[in-house]
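Dropping the structures in below, format is structure tokens.
Each of the next two complexes has chain A plus one other chain: chain B in the first, chain C in the second.
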Partner chain A sequence: MKQHDIQFDDNGQLRHFLTIEGLKRDTLTEILDTAENFVTIGDQQVKKVPLLRGKTIINLFFESSTRTRTTFELAAKRLSADVMSINIDTSSASKGEDLLDMLHNLEAMHCDMFVVRHMQSGAAHFIAQHVSPHISVINAGDGQHAHPTQGMLDMFTIRKHKKDFTGLKAAIVGDIMHSRVARSEIHAMNIMGIPEIRVIGPHTLIPPGAESLGVHVYHDMEEGLKDVDVVVMLRLQRERMTGALLPSESEYFHTYGLTQEKLALAKPDAIVMHPGPINRGVEIESAVADGPQSVILDQVSNGIAVRMAIMSRVLGRQPQGALANSSEGET
Partner chain B sequence: MTTPAQSCIQIVNGHLVDPKNNIDAKQDVFITGHKISGIGKAPENFKTDTIIDAADCIVSPGFVELCGRLREPGQEHKATIASETCAAVAGGITTICVPPDTDPVIDTPAVAELIAHRARAAGYANVVTLGALTHRLRGELLAELSTMKKQGHCIGVSNAMQPVKNILIMRRAMEYAASCGLTVFIHAEDAELAGDGCAHEGAVSTRLGLDAIPESAETSAVSRMLMLIEQTGVRAHFYHISTAAALNMIAQAQSKGLPVSVDVAPHYFHLTDMDIGYFDSNCHVRPPLRSQRDKDGIRAALKNNTVDAISSDHQPHDADAKLAPFGATEPGISGFDTLLALSLRLVEDNILDMNALINKLSLSPATILGINKGHLSIGADADVTIFNPNTAVTIDVNKFKSQGHNSPFNGWQVSGKVMHTLVAGKAVYEAST
Partner chain C sequence: MQASTQDSHDVSTMLERMVTDLATLLSTRQISDPVMIGIHTGGVWIAQALHQALEIKQPLGSLNISFYRDDFTQVGMHPQVEPSSLPFSVDGQHIILVDDVLHTGRTIRAALNEIFDYGRPASVILACLIERSGKELPIAADVAAEHMDLLAAQHIKLTGPEPLVLELTPAKQANK
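Up next is the complex of A and B:
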């Protein structure tokens, strides 16, 4: 039928960044390469490049998140864009019509990009379908569907530490069911050519048909961690710790928490990642989170560079093409 | 004594298909006043006032819709009885059965009377109503079933899409309905297993991160209902079943002789969860679009006659109801405009022959409802649908007669167009040429 991938404009260029699914390896590699160039900006005296000067970016957060919002804000500011963040009380903007009204009002103020976080899966696609043609949308997390910038920064972190994707074994541990991070990572890992991707968790936290995403499912953590190069621990939401999904926090830690003993089953140089914020003693023990194999803080600082790369790619697409070219010269 | 002159209509050149009377042949139909007065040859003293030329067309009993939501009273911003009965006859539907989940709920004669009155005033299709099984559809207290039935206000009972969570209440309601001689119409879904789900549990819901409704939400509900039907002896009908497994269970019950029937809606035999694509809210329906295996199972069950009837499960919506992220939209498809063409695909696909299809659109649903409709016997109400099965049509939601333009079938190339619709001998629809 009529459905095409709305992430691309008529010229086949990336207009929105909504999901990693369906993107090419070349595109992801280019984004990672661009991000590489942006990493050093944070160390400079003047932490700014003028790539998006004169552009207006609005962060629309229907779900609160200090960390993600801050890294998006910093990324926009380092690209010299004007940026503002709006936290929306979801009780007053739950209906679609109100949401569109608000978007159209913001559009009338001539903004160029929305960075959207929303609790409904598909919200970013919905918004992208209804904004004016000159506006780009970046998905900063929609329900349980996707968190593509997080997926990209994790690929960036993996590449930094492991150089080559094509010989790796990766394991994603915990609440896969409710995790948009896991979904985006799985797509990214598959596209980048990681040959073996495992998901580890109890049956209640692994979505049905997970194999169709291109992963191997393990319920036994010891077995699943064996010889992996990358361990991604997922945050377990507090409201899911007790009830029908899991009996208790302590039982979860006992079976699926990452301890030094369990990590010893992975390759000696395996890296440990976590999208944050961490529940110490629930999904990961402090000795591992703060240990030599942890790259968790590295992920946070990479987040800014990767988001800069994505923002400049999407906004730099504009017809003149000048911005896209200047990004090479700039760095 | 002479009766006032009644108009006499002769339908000529058409191919008559009337499953009840085993007619599948080129025959003229003669209508005197409100009734069918002759088939094949004119009755005595028949003086033709009007000739309807049905060349290249099938002449069929008017379609009987088991489940059509007209949105009035209560949701007139979505549609009205006038708008939807008008859309129905344009789709060849001459009788619509309305489930009780209007606002207010159909649990008093007053609401049923209001609907009947408005339908008569609109003057298009016949409208019959189901009464609420429980008071306010809350699943707690029995509604006044006997009163509703005695005054002719409802021809069956249902809790619509509202769950009766307490299985004991369901048992009592079935027993009571059985003693009133009422058929219970069941939307089979376990409310707890379905939860806040909006898509079939499987690879698609996993990929899109949508809250899922497992197959077991339907099969466990059907299984429990079948046990109660067997125990209480009530006659029951399952609305729009979506899984192959549930249809197998119903087929077994039918072969044991249980008084159960079942319908399916066109979206379940044409679409799967894959059609959701990137969150197409027009594919948000309840029960959800299922897997390819289920779609194949539904087609097989149509072919082997487990499925008794086809219903459009018409749920017109205002644009805003579908204008939100997938999970936040309201479920349902506006089905009157596309019922015939989408059903005719089953003939094209060799699932059903024309006779069987027309049976499932007219006689069989009328039998399920217990009304004397769905056939063109002499003396029957002259509810007639004349359609050309071969006219190519591109479905365009903007041309829908229904006020609800919510359909995932927009742009489909189909065949089949209703040319004339008569209700009680009155021409209520004629296609513009």
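Up next is the complex of A and C:
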């Protein structure tokens, strides 16, 4: 499985952003540092920088999304790129247009980047394999595989609130099985050096062999939440479930829903994250989602800066030969 | 080929000259309450000294012009130093913009663009430690401690922050 190789160009620079798996800590740190710089653009009267002026970015959303699509659009606009979002429901498919034909048509319109969300795992990789050499692809979520920009914005949020990854205990709670967020998050947490990563959920929603990802598996939420610094709640992905994996939502909430009582088992300054959209009263109660420890809306704001950093990183590759060793910046 | 003596490379002497010239310029223009912005990284070091010597009331601002560079598509994204920080509104302010070396003028072009994205200043004064040859844009320093004629392949660089030292790379060693 050498799927991450495709992310780099011939000069070893990040060309696509498809998965966090296999990336180096330095690369992730540079992205987080760059994102830090983009946060202050929100203070400007003109909330824009001219970095990607003249570049054309196309958001290809084969699956619905509000938050991710909007933040990708805003990120592109704040970088002064021209962006358009295409929601591909069944309309073009129903006309019988092949995916590659559609891509080649879009390429003929001289675009520079595709941001792809698709219900099938591997879709962004597939597209990255077939685009012209000057085009970059960013994975905005593919099936149950990966959602790397979400993973990065969560790392950004954790670093912002906890300053540092060393010594942290993090718990990811809920539907690990169907969650691309969980997968990207676990890779990112491991790469950034979070020493203890726990996943908490019922047997039916934790993939067998999850330990091989470098996590501790808990089925008892009270036990799993004890003394953690970071709680990541996942959405119950009812649309991806087939068959009876759960008895009922109310029973799920009773066992794995995050309530103030359960949160009290974590460290007093623990932060609560959720990639959204939240199912209130299913995986999290409103008092927690809107409470003082929740950083859920902060995640959304951070998503813009982090996506700006990733977009400018892949579109700002140095031409061959000009590559200086890019780790002179100490932070 | 070095036009300057060891003595004129003494940064603290040069800073004193800048302070005097800036004070004169401010009084000529009847500016009593300017704000100061340094450009990362060398410009901030110089600005810190000037800011203190001129007793400027508002805190020092700093600019990281990476996102406004005109060579992004050629050199790509560099690892970042520190974000821009303008802890005041620039609207209607008289700004002293500070950099270490004025060369092509492209950095200043980028800095001006960034400043104007924060608001509309009343005026901008450009103060540099060194104004060297090699101008590519119609941008000149209002205050410069020294003007130097250098070959295109020569580089002059400020290292710091403590102590601030100017390093001149002769043409032979210069690469990149």
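The working rule: the second predicted complex is superposed on the first by the 300 of 331 C-alpha atoms of A that agree within 3 Å, B and C clash if a C-alpha of one lies under 4 Å from a C-alpha of the other, contacts with A are read in each partner's own complex, and residues count from 1 in each chain.
Simple rule for what comes next: contacts are C-beta pairs under 8 Å (C-beta built on N, C-alpha and C of every residue); 3 or more make two chains touch, one makes a residue touch a chain.
As the structure is a prediction and not an experimental result, all values here were calculated from the model.
In the superposed pair of complexes, A:G174 makes contact with neither chain B nor chain C.
In the overlay built on the shared chain, the residue A:G257 is in contact with neither chain B nor chain C. By the touch criterion defined above, A:G201 lies against neither chain B nor chain C after alignment on the C-alpha atoms of chain A.
With both structures placed on the common chain, the touch criterion links A:Q45 to chain C but leaves chain B unconnected. When both complexes are overlaid on chain A, the residue A:T34 reaches chain C alone and has no touch with chain B.
Listed in rising order, the residues of chain A touching chain B in the complex are 1-3, 5-6, 21, 94-97, 99-100, 118, 120-123, 125-126, 142-146, 180, 183, 207-210, 212-213. Residues of chain C touching chain A in their complex: 64, 66-68, 72-86, 113-114, 116-119. Against chain C, the residues of chain A that register as touching in their complex are 13, 30, 33-34, 36-41, 43-46, 48-51, 312-313, 316-319, 322, 326-329, 331.
Those residues of chain B that touch chain A in the complex are listed here as 201-203, 205-212, 214, 275, 277-280, 320, 323-329, 411.
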